[in-house]
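Below are the structure tokens for one structure; questions will follow.
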Amino acid sequence: MSKEIKKIGVLTSGGDSPGMNAAIRSVVRTCSYHKIECVGIYRGYQGMIEGDFIEMGPRSVHNIINKGGTILKSARSKDFRTPEGRKKAYDELTKAGVDALVIIGGDGSFTGAEIFNREYGFPVMGIPGTIDNDIFGTSHTLGYDTALNTVVECIDKIRDTASSHNRLFFVEVMGRDAGHIALNAGIGAGAEEILIPEADLGLDRLVESLMKSKASGKSSSIVVIAEGDKIGKSVFELKDYFDLNLPEYDVRVSVLGHMQRGGSPSCFDRVLASRLGVKAVECLLAGKSNFMVGMLNDAVTLTPLLHAIKGHTEIDRELLRVSEIMSV
Amino acid sequence: MSKEIKKIGVLTSGGDSPGMNAAIRSVVRTCSYHKIECVGIYRGYQGMIEGDFIEMGPRSVHNIINKGGTILKSARSKDFRTPEGRKKAYDELTKAGVDALVIIGGDGSFTGAEIFNREYGFPVMGIPGTIDNDIFGTSHTLGYDTALNTVVECIDKIRDTASSHNRLFFVEVMGRDAGHIALNAGIGAGAEEILIPEADLGLDRLVESLMKSKASGKSSSIVVIAEGDKIGKSVFELKDYFDLNLPEYDVRVSVLGHMQRGGSPSCFDRVLASRLGVKAVECLLAGKSNFMVGMLNDAVTLTPLLHAIKGHTEIDRELLRVSEIMSV
Amino acid sequence: MSKEIKKIGVLTSGGDSPGMNAAIRSVVRTCSYHKIECVGIYRGYQGMIEGDFIEMGPRSVHNIINKGGTILKSARSKDFRTPEGRKKAYDELTKAGVDALVIIGGDGSFTGAEIFNREYGFPVMGIPGTIDNDIFGTSHTLGYDTALNTVVECIDKIRDTASSHNRLFFVEVMGRDAGHIALNAGIGAGAEEILIPEADLGLDRLVESLMKSKASGKSSSIVVIAEGDKIGKSVFELKDYFDLNLPEYDVRVSVLGHMQRGGSPSCFDRVLASRLGVKAVECLLAGKSNFMVGMLNDAVTLTPLLHAIKGHTEIDRELLRVSEIMSV
Amino acid sequence: MSKEIKKIGVLTSGGDSPGMNAAIRSVVRTCSYHKIECVGIYRGYQGMIEGDFIEMGPRSVHNIINKGGTILKSARSKDFRTPEGRKKAYDELTKAGVDALVIIGGDGSFTGAEIFNREYGFPVMGIPGTIDNDIFGTSHTLGYDTALNTVVECIDKIRDTASSHNRLFFVEVMGRDAGHIALNAGIGAGAEEILIPEADLGLDRLVESLMKSKASGKSSSIVVIAEGDKIGKSVFELKDYFDLNLPEYDVRVSVLGHMQRGGSPSCFDRVLASRLGVKAVECLLAGKSNFMVGMLNDAVTLTPLLHAIKGHTEIDRELLRVSEIMSV
């Protein structure tokens, strides 16, 4: 039988994403609502090992729901990958009277949580926080919707200048292993072509498609490219290729970079964060552990951490077809 | 057996919403992709009656995916409610060689479409376009996600000044019959209380809750109120009540109004519009008619127009509980 | 000879405006740069009377340059209008070792500062913080530029829906005594007519102008109205008048309200705040007192507080002509 | 005596900037107001040579005041640098009955205009349109204020993630020859250091300053770098240097790129564009030629094109000191 939970620790880990603060707020306030204590842990697992804790009440999370980043800061911890590190973390938690953990982060963070739970029987729950949307067990990760809007707003601006000059732009967006951002933001921004890790468009087909597009009367074009696309060339190499082989195109490059991780979260991400925070805490109080909370079919659901880590969310291939039709 | 479709008409009807232009673009380009013609109909059913049509090709919808409003304009038509009006509309469509219609609008617009289909056997498909999200058969209507972000950004600004002055704000948002906007944007904006048509909080409980909130150390408060809330007082009457009975509150009022209908659509609404436009046209081409296309469980689905009209999407009551917990 | 200054107090007073936090940050960091102490005073003069002070160093103002509102909160103080109140304030300042004050606010706040200086010889400097831009001695007050952008973005959204429905919108913006916001944001938003306190357009001319505008092919119109316009009717009364006498117009009303005071400051306001904060502190250190710092002709300037209070910035009447030409 | 002007041509040339559309609108409507004709010339001087013209009336510029880019498109023309090209342009203008030109662009564009005026006595007026703000004779060029806000909003997002991870970011902004954007947006974004072409901070001092900043308790830092800064290293080379020599910093790079040229113009740029357009046309009608219209000391002013070309606007060196104080 699980021990009664009186104090929950919350941390953010891995790459930060918009909505993490809203999730922290939700965890803290749900604890308060259920009259249990809450402790914030700074800098993810590294702060856990170092005992870098802070008591949090409902007023400590005042006016953070709309802030990007994470007030608890984030980090990647090498020490937590060692048994010694995890032992130290366990000792610090015990010393502080923390009975259970809510981990806000990506699959790397969940892997750590799952091992920690296995080794020490320590109750843990995961909330998926990453802009990449590549976590199995949820249709949306925290920050993904905001990142899509950020990318689309940037490309809207780029299109202003692309249209004015009849230029071709290669725009690189985040997504080393997953094309969710590129595919959805590409359709949202009306990109003529979208290159993602999951689909091999091929350089020849890209060129052919752009030529068709030009022939159809389009004077400017946007190609959205995920970091880890299948063609395997960086946007700069693509530009070089075009400059050499297709000089009739006036090519420019834009790498959107880290701004995609920041910004005030969208309403969707704030509501999602609020819901997942409530569920994570209430699951712990109900004696559940080792799950990730997520959204599937518009409802809050639980997925075993192990599944969340092992699987990943497939892109919706129908969107590739929608993109092709929209580029007619 | 249904006649082969060679020319599709598209119109926007009822209150406009962000994403309507993206849906028009999608319908036009999907027609072009399938090598059939497309005709834009201005000012909804009224323009249909008056034969106010325009031929549209893929370039006519260039650079509109990011624009609010509707390039086809919208209107409410009294004439279309009469058999004579519908007869005239039918004649104009026939004259122009239009074989089928895609109607982008709300349930009033779908009612007209359904009657028209019944009377003339004219193939129609509906795309749900309204910020209110009150249409049965889809988890999201076009424009709803954008409106939520608009409201949340406005309330973020209001909170800046509310916090600076320790004030209580009553913020009225759209939603005469449905509390979706108030409930979701209220949670997203961190509102202390949310009043919606579907739930009777009662004036006494509102006052009690605000007093508890003040006692807990909050110096400013935001109350989000749907137009058609159950308390039945306008935000101005609420202010008068507080000024008279609870003078310790420094109350201000803000009615967000029509700006909620405008603005560049969010990525979500653009992608949704693109998907629904493709589906609506391809259904017509496949001989289907009299359905609304929508999103349920993250997939494009069909709902008979008659069901879409008769039913409506319930608010998620779990969100009322989330809101209460967040206000701790 | 003026006493050496070792500790400066800073407060925000009156209506809050975007850029106040950036100004606080600048005052605090300039103090630190010159190795003197800085004290934040909460809730304007009221907090001064109550001794509600906080020591501030460069890290206390970390990450506030981009935040709307004021972390020191603002208030209007009745007590400070009495000699007893000012005596108490003086005693609190003396007790805390504060040698000089920087007041961020509008002319009401400067009036208080000027009297306080006269009575106690206490060194004071003013920074103009109000969205209304109605203070003599500066081309721009803090928050004015941001408010203009906020208003223009709101009207852009309203125009989306106005255009879609061929409607006439009356949009009320802030400015009880001054038409700066209405005039500039009206031109920026492409308003067909602008009503301001400084110019009497007259109801007849408004109607005539709108009819001409309609005749010229415009299907929708935006009229921007300052709170204190000369016609003297509220936007709601104007709507009633049109509904009764000009039913061919489909009139809607929008009152933008308090959101105009909030939001993240524009780059202009952040730079202005940074410059004025430096100047205010360095003037005090140089033995100057009783001035307002402002911008004139793109340079930081000093204006005696008494002049800033007595005068006010005229609207640029050339803009009325520009507005008329733009509405052709 | 100058010939009476009955038809004015307007074009945009060089790099596009937000506000160009607002300026086109102003030129077109001012022509209409004064009952003279207006012709839009596509793709700058190249379209002039090719006779790519379009008649424009007040309704042709409907709803463009808020759009980025330029509806007339822009281009750089090699042909116009040759006497033959200019001869052809002159012939096309004559054929179309164009009597005078308004050129919206940067100093390259003005050079062309000035030569054309000298060779053919053709009346020309310039409106400064470039985000770089490097044109002599105006405190603000069209698009500069908007670009500052774009940059500041991007860096606000980057700071979210920089703060969460205690990172050092090098952010490259536009400005090959001028540091206006870097200096103002750097102060606006609260950058710890700003590197511009006009001032030689030096690599040693940069490192020293960042170390001091770290010692003072700052955990994350933003360094804003103009493209053409004096250190002469690209942001990527700077990162390599830090990775090698100062591995205690976790360095990331962001190149904001072309999005800085796009986006909906700020209220300031829209009003500026409206004013300059009126002035340019009215000067031509009054028989003036060969001037650039600009803003100096908050008033519209004329500068001979030759001066505008030869000089350039100095950065405000006081801002370097403000930046240093703010980084305390």
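As written, the chain order gives the labels A, B, C and D, with residue 1 at the start of each chain.
Keep this in mind: a residue touches a chain if its C-beta (ideal position, glycine included) is under 8 Å from a C-beta of that chain, and two chains touch if they have at least 3 such contacts.
The chain lineup, named per UniProt: A, B, C, D = ATP-dependent 6-phosphofructokinase.
Bear in mind that the values here come from a model prediction, so they are computed numbers and not experimental data.
Distance from the centre of chain A peaks at C, each centre being the average of the chain's Cα atoms.
Rounded to a whole number, the gap between the C-alpha centres of chain A and chain C is 39 angstrom. Look at where the CA atoms of chain A average out and do the same for chain B: the two points lie 28 Å apart.
With centres defined as mean CA coordinates, chain C is found 35 Å away from chain B. Among all residues of chain D, those that touch two or more other chains are 156, 159, 163.
Judged by the touch criterion defined above, the protein chains form a single closed ring in which each chain touches exactly two others. Per the contact rule defined earlier, chains pair up in contact as A-B, A-D, B-C, C-D. Residues 12, 15-16, 18, 20, 67-70, 73-75, 150, 154, 156-166, 169, 252-255, 257-263 of chain D are the ones touching chain A in the complex. Put simply, chain B touches chain A in their complex at residues 25-26, 29-30, 32-33, 58-59, 62-63, 65-66, 139, 145, 148-149, 151-153, 156, 159, 163, 184-185, 187-190, 216-218, 264, 266-268, 270-271, 274-275, 278, 296-298, 300, 318-319, 321-322, 325-326, 328.
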